[in-house]
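Look at the two complexes coming up: chain A is in both, with chain B in one and chain C in the other.
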Partner chain A sequence: MTKALKINKNTEQGVIELLKYLLENNKVKGVFTLKKINKNGDIAYSIITDPNELKDAVPFYPLMPANAGKLLSRFTLKGSTKKPVIAVIKPCELRSFVELIKREQGSLENLFIISSTCGGVYPVKMSVNGALEKNLSEYWDTLKKGGISSDLRSACKGCEEFIPYNADMTVDLIGKNDVDKQCIIFFNTKKGVELIKDMKGEFLEKELDNKKLDKVREKRHIEKKNLFNELETKMNGMDGLIEIFGKCIGCHGCSKVCPICYCKLCGFESSDFEYKPSNYETDFRKRGGIRVPPRTLFYHLGRLDHISISCVACGSCEDVCPVDIPISVIFKKIGESVQKLFDYIPGKNIEEDIPLITFKEEEFAEVEQ
Partner chain B sequence: MNKSKGAIITAKPGVKKTIIELLEKTLDNGIFDAVVLPMKVPAGDSFSYVLFKDKSLLKDAFILPPIMSVQGAKAVTSITRFGKGNLKIAAIMRPCETRAAIELSKLGQTNLENMTLISIDCPGVLPTSDFLRDHEKSMKLFEDAAKNLDDKIMRPVCQICDKSSMVSGDIHIGTLGVKKDTFFIISNSQKGDDIVDKLGIDLKDNIDSWQSKVKNISEEKKKKRKKAHKDLKLEIGGLDNLLETFGQCINCHNCMRVCPVCYCRLCYFDSDKVKHPAEDYLSRTEIKGSIRFLPDTTLFQMGRMMHMSLSCVSCGSCEDACPVSIPVAQIFSMIADETQGLFDYVSGRRLDEPIPLVAYKEEELHEMEDAND
Partner chain C sequence: MKKDDEFMPKILAFLCNWCSYAGADLAGTSRIKYPPSIMAVRVMCSSRVDPILVIEAYLSGFDGVLVAGCHPGDCHYQKGNYYTRRRFVMLKKIAEDLGLESGRFRLSWISASEGQKFAKVSTEFTEKIKDIGENSAKSKIFL
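Moving on, here comes the complex of A and B:
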């Protein structure tokens, strides 16, 4: 059984109470969480050191203004934090952080992670026009019942990886019908248990209700199949890809917000990749005409090639696409099939090497043929 | 703009068709080896610039598409960033795209020697997201609006654009103030003169009617622009308001990526210079109690303003690409008018007008120094 803390408060308030305890008692130096940052109510990830600032924290607000895995990588890029910091993030954000750590882009040292069973997030666009705020009560009602809210990011609707791996603490959210009255926090790691050893409170021995969560997974699975089936009707060979990506404006926003795309300078933006006048002239002779700037589809295929093994299907890419290309579904679909080939789940096991660095001479002979 | 002469072209089969026929002639006669202009993408739901020589493709050319999916200057610099190349190319674009290409040339990012910039009177463009919602319906709406010079459905910065007929490239096509089934060809450079001459067109016609129509529209828009900027300043002026305005920014930097003037391969704000050890972030937090992370969202916007406002052409691409609908282009157009006004500079107006930052004078702007005393 796992040690769990029960707080008789709304789950979000319960977690804030824990965070407050940790800050006030110097167990951690900082808290990383979603927070209201101004009087307009804009929500952004923030670092908090003053316990009073926690009053504006909204750790489980259904929004991902940026993938926190990417942000934690930035936080620890120049070395692990010397002082302990606790972060409240979503399961896919934690998975992407783990993938980044495998790529030496961050460190978990002195970081404590709180995650939760995740009900998904709304597209960022909905946070702008007030639509998200209006959906909140429906979101929590649906979450209690273990259902899928209608306007969520596509990637979230079909997400089966909603239970965190590697979190020090897991907050029970999905399918918990008293989520607004009672908060349950599971302590999964020694590190986590150690952190609250002096804390007074109602501690239990408990497990997540897996039966309940399996039912949620079934619903998500059906939703995912629907998304994939819809995509398959369009993504049909080269012509289909051209149809889908034809409207891409080349902003590369998808790579910029992707937690896995960590390169400082993307190959597709490098000088090596730019067409020289001679390239244009050669293409010109061969093909008669060429789209400028060139290599629109190549960029997306290249990005798929580079990141699909580690894609956590967070949906950030699609959220920032100014022309509404269903990138996240495409990447989720390709990502899953590539990951399946190597029996690899990105971000699941921090000790497990990325398949690309564990080349075996005797594999995939069938692909060669 | 000092042009008083042009040529009236009869366009019995329609303006677009006649322009295409002229382009066909330039390809036939070897005046150009290739053209670069917008075409519909295969799915029909957007447009992209295409460089081609094959005359048969001209029938699919889309001069003045309803959206600006990619700023034309980006297409120009993509072709000529590494040199003029061997192809003589005609680029047909909107005036703000031509102007951005001229700015990029001054910034050493494109070699225009073999490139002929051809602009055309612009009715504005639709916000891309509006267009994508229903592209067939939007197409019709755009065509009607363009015909009636109705800018209500266009990008917000198009609604206040006072330079929609600015002649700054080599050749301009004037469709305003004309008699039915005609348009004007106006040359603005020696290169333009030579090409028009080779086409056997005589630049002898009076273009007063075009000029006065353009002047009217421009003055009306200027008034609208001033008013819009004044209102906007009230809303976003001062640091507090600015921080609120950019509060929703998610740091995707899409605005910078689509900006024709932001040409840096690696933006300072994406470089190692803005990446700090965890301790630095924590000590910053301790001073304020909490900081947003990533920090310096507004600093990025202000830095970008500093870097490019003198060359900003107010095309609106930034705002179009913003996933959280910040009125970036309106803000930048306001700042650009002020910074450019300070140096009596208009971005992309003339190729031979140096960018103020490279024309530093020791004895200037003392009044600004005083203001800070």
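Moving on, here comes the complex of A and C:
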């Protein structure tokens, strides 16, 4: 059984109340959360230090303007903060943050994490100028029933890892009938319990309703299979890949937003990757022509090689793609099958090594020929 | 078909400095015959071979890519080849899932004393690639 806090308010308001308590009582110095930044209703991640500012906070807004794992990594890259900060992020963002910590790109020190069972997010493109507001009531209604809203990111529709790992606090959202009347926050870690030990409120001993969540997982699993099947019809060998990636404009936006693609100096953006006149001439002679910009397929396959082992399928890559290549589904599919080889779930266990920097002496003997 | 017209694959072989490259050398000095399809690249350790080098070779038109290193336990750097093995397993899986011909990639352990084995691996792999046929990426323009 886990210690849980019950607040008789709308879940989002309940969490804001907890955050307000923590700020006002100096338990934390800052709150990292989604916040409305203007009258249009545009949303961005912000760090709030003034309790009054919390009125504009929307911690569970169904949007991921940037992967918070990447943002937190930039926040803690040069050392952890001296003052404690609490962050409200989604499960996949937390998983990508953990993957980045494994790569020494951040730290959990002095950082508290609140996450929730996640109902998915809408593509960023849909949120411009507050356009998402009209979808919100449908989103929350579907979430209550444990369903999958239409128009969500495809990576979210087929996401089976919607329960956070490693979070100090977990907020119960999916499939909770009274999500707009009652807020339940679970305290999973000692650190989390310590933080609210002086707080007055209604505390319970409770667990997440796993039966309910298993049903949600089943629905998502079916959705995932559909996405994969649709992809398989297109992705058959070299011709299929050229068909899919042929329209890539080479903006490298997918790697810019990818939380796992953290290298500051990317080989694909270096001058080594540039085609020289002699390269073009070789291709004229050998192939009889060349696509411009060249080597886009190499870029995508290279990225698959580098990050699929840690891909958390957050879907940010597909969100920013100007030509709608189904990148997130491809990465999710390949990522899952690669991770299965090593029995690895990215971001699950912070102590576990990334499979490519460790090995067992007796394994995969069959691959050598 | 005339003998000259027969398809001779081009195979890029990443050979580790301490074992496989020496093995290839031994095959040469012992005058063991092996097909002229192998183009060797010497690397200090097989774990130097980032999978994207293999992908690049494949996309630029090599019919096959061989990565060869010391036998497990014999690595000059103690454990480099164990990492190679994991990466190679991953690479093959990705290629299979994308529907590419993962048979064009091969990992072999060849020690410095195994000139015979180097010749055997080269011959076998060349025959296999001949069966698979030419790499279609060679003539694709829209890569």
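A few points about this structure:
Criterion: the second predicted complex is superposed on the first by the 358 of 369 C-alpha atoms of A that agree within 3 Å, B and C clash if a C-alpha of one lies under 4 Å from a C-alpha of the other, contacts with A are read in each partner's own complex, and residues count from 1 in each chain.
Everything below uses one rule, namely that a residue touches a chain if its C-beta (ideal position, glycine included) is under 8 Å from a C-beta of that chain, and two chains touch if they have at least 3 such contacts.
All values derive from a computational prediction rather than experimental measurement.
Looking at the shared chain after the overlay, A:357 reaches chain C, while chain B stays out of its contact range. In the superposition on chain A, contact is made by A:242 with both chain B and chain C. By the touch criterion defined above, A:197 reaches neither chain B nor chain C.
In the superposition on chain A, contact of A:293 is made with chain B only, not with chain C. Of the two partner chains placed by the overlay, only chain C lies in contact with A:302; chain B stays clear of it.
Of the two partner chains placed around the shared chain by superposition, neither chain B nor chain C is touched by A:211.
Legend: residue contacts after superposition of the two complexes on their common chain; A:250 is shown touching chain B, with no touch to chain C. Of the two partners chain B and chain C, it is B that touches the larger number of chain A residues. Within chain A, the residues touching chain B in one complex and chain C in the other are 242, 246, 288-291, 294, 296.
Chain C makes touch with chain A in their complex at residues 50-52, 55-56, 59, 61, 72-73, 79, 82-83, 85-94, 97-101, 106-109, 121, 136-143. Chain B meets chain A in the complex at residues 34, 36, 41-43, 45-46, 48-54, 57, 69-70, 74-75, 78-87, 128-129, 132, 243-244, 247-248, 250-254, 257-258, 265-266, 270-272, 275-279, 281-282, 285-286, 289-294, 320-325. Put simply, chain A touches chain C in their complex at residues 235-238, 240-242, 246, 267, 286-291, 294-298, 301-302, 304-306, 308-309, 333-334, 337-338, 341-342, 355-357, 359, 361, 363-364, 367-369. Within the complex formed with chain B, the chain A residues making contact are 29-30, 32, 35, 37-40, 42, 44-50, 52-53, 56, 65-66, 71, 74-83, 85, 124-125, 127-129, 239, 242-244, 246-247, 249-253, 256-257, 264-265, 269-271, 274-278, 280-281, 284, 288-294, 296, 319-324.
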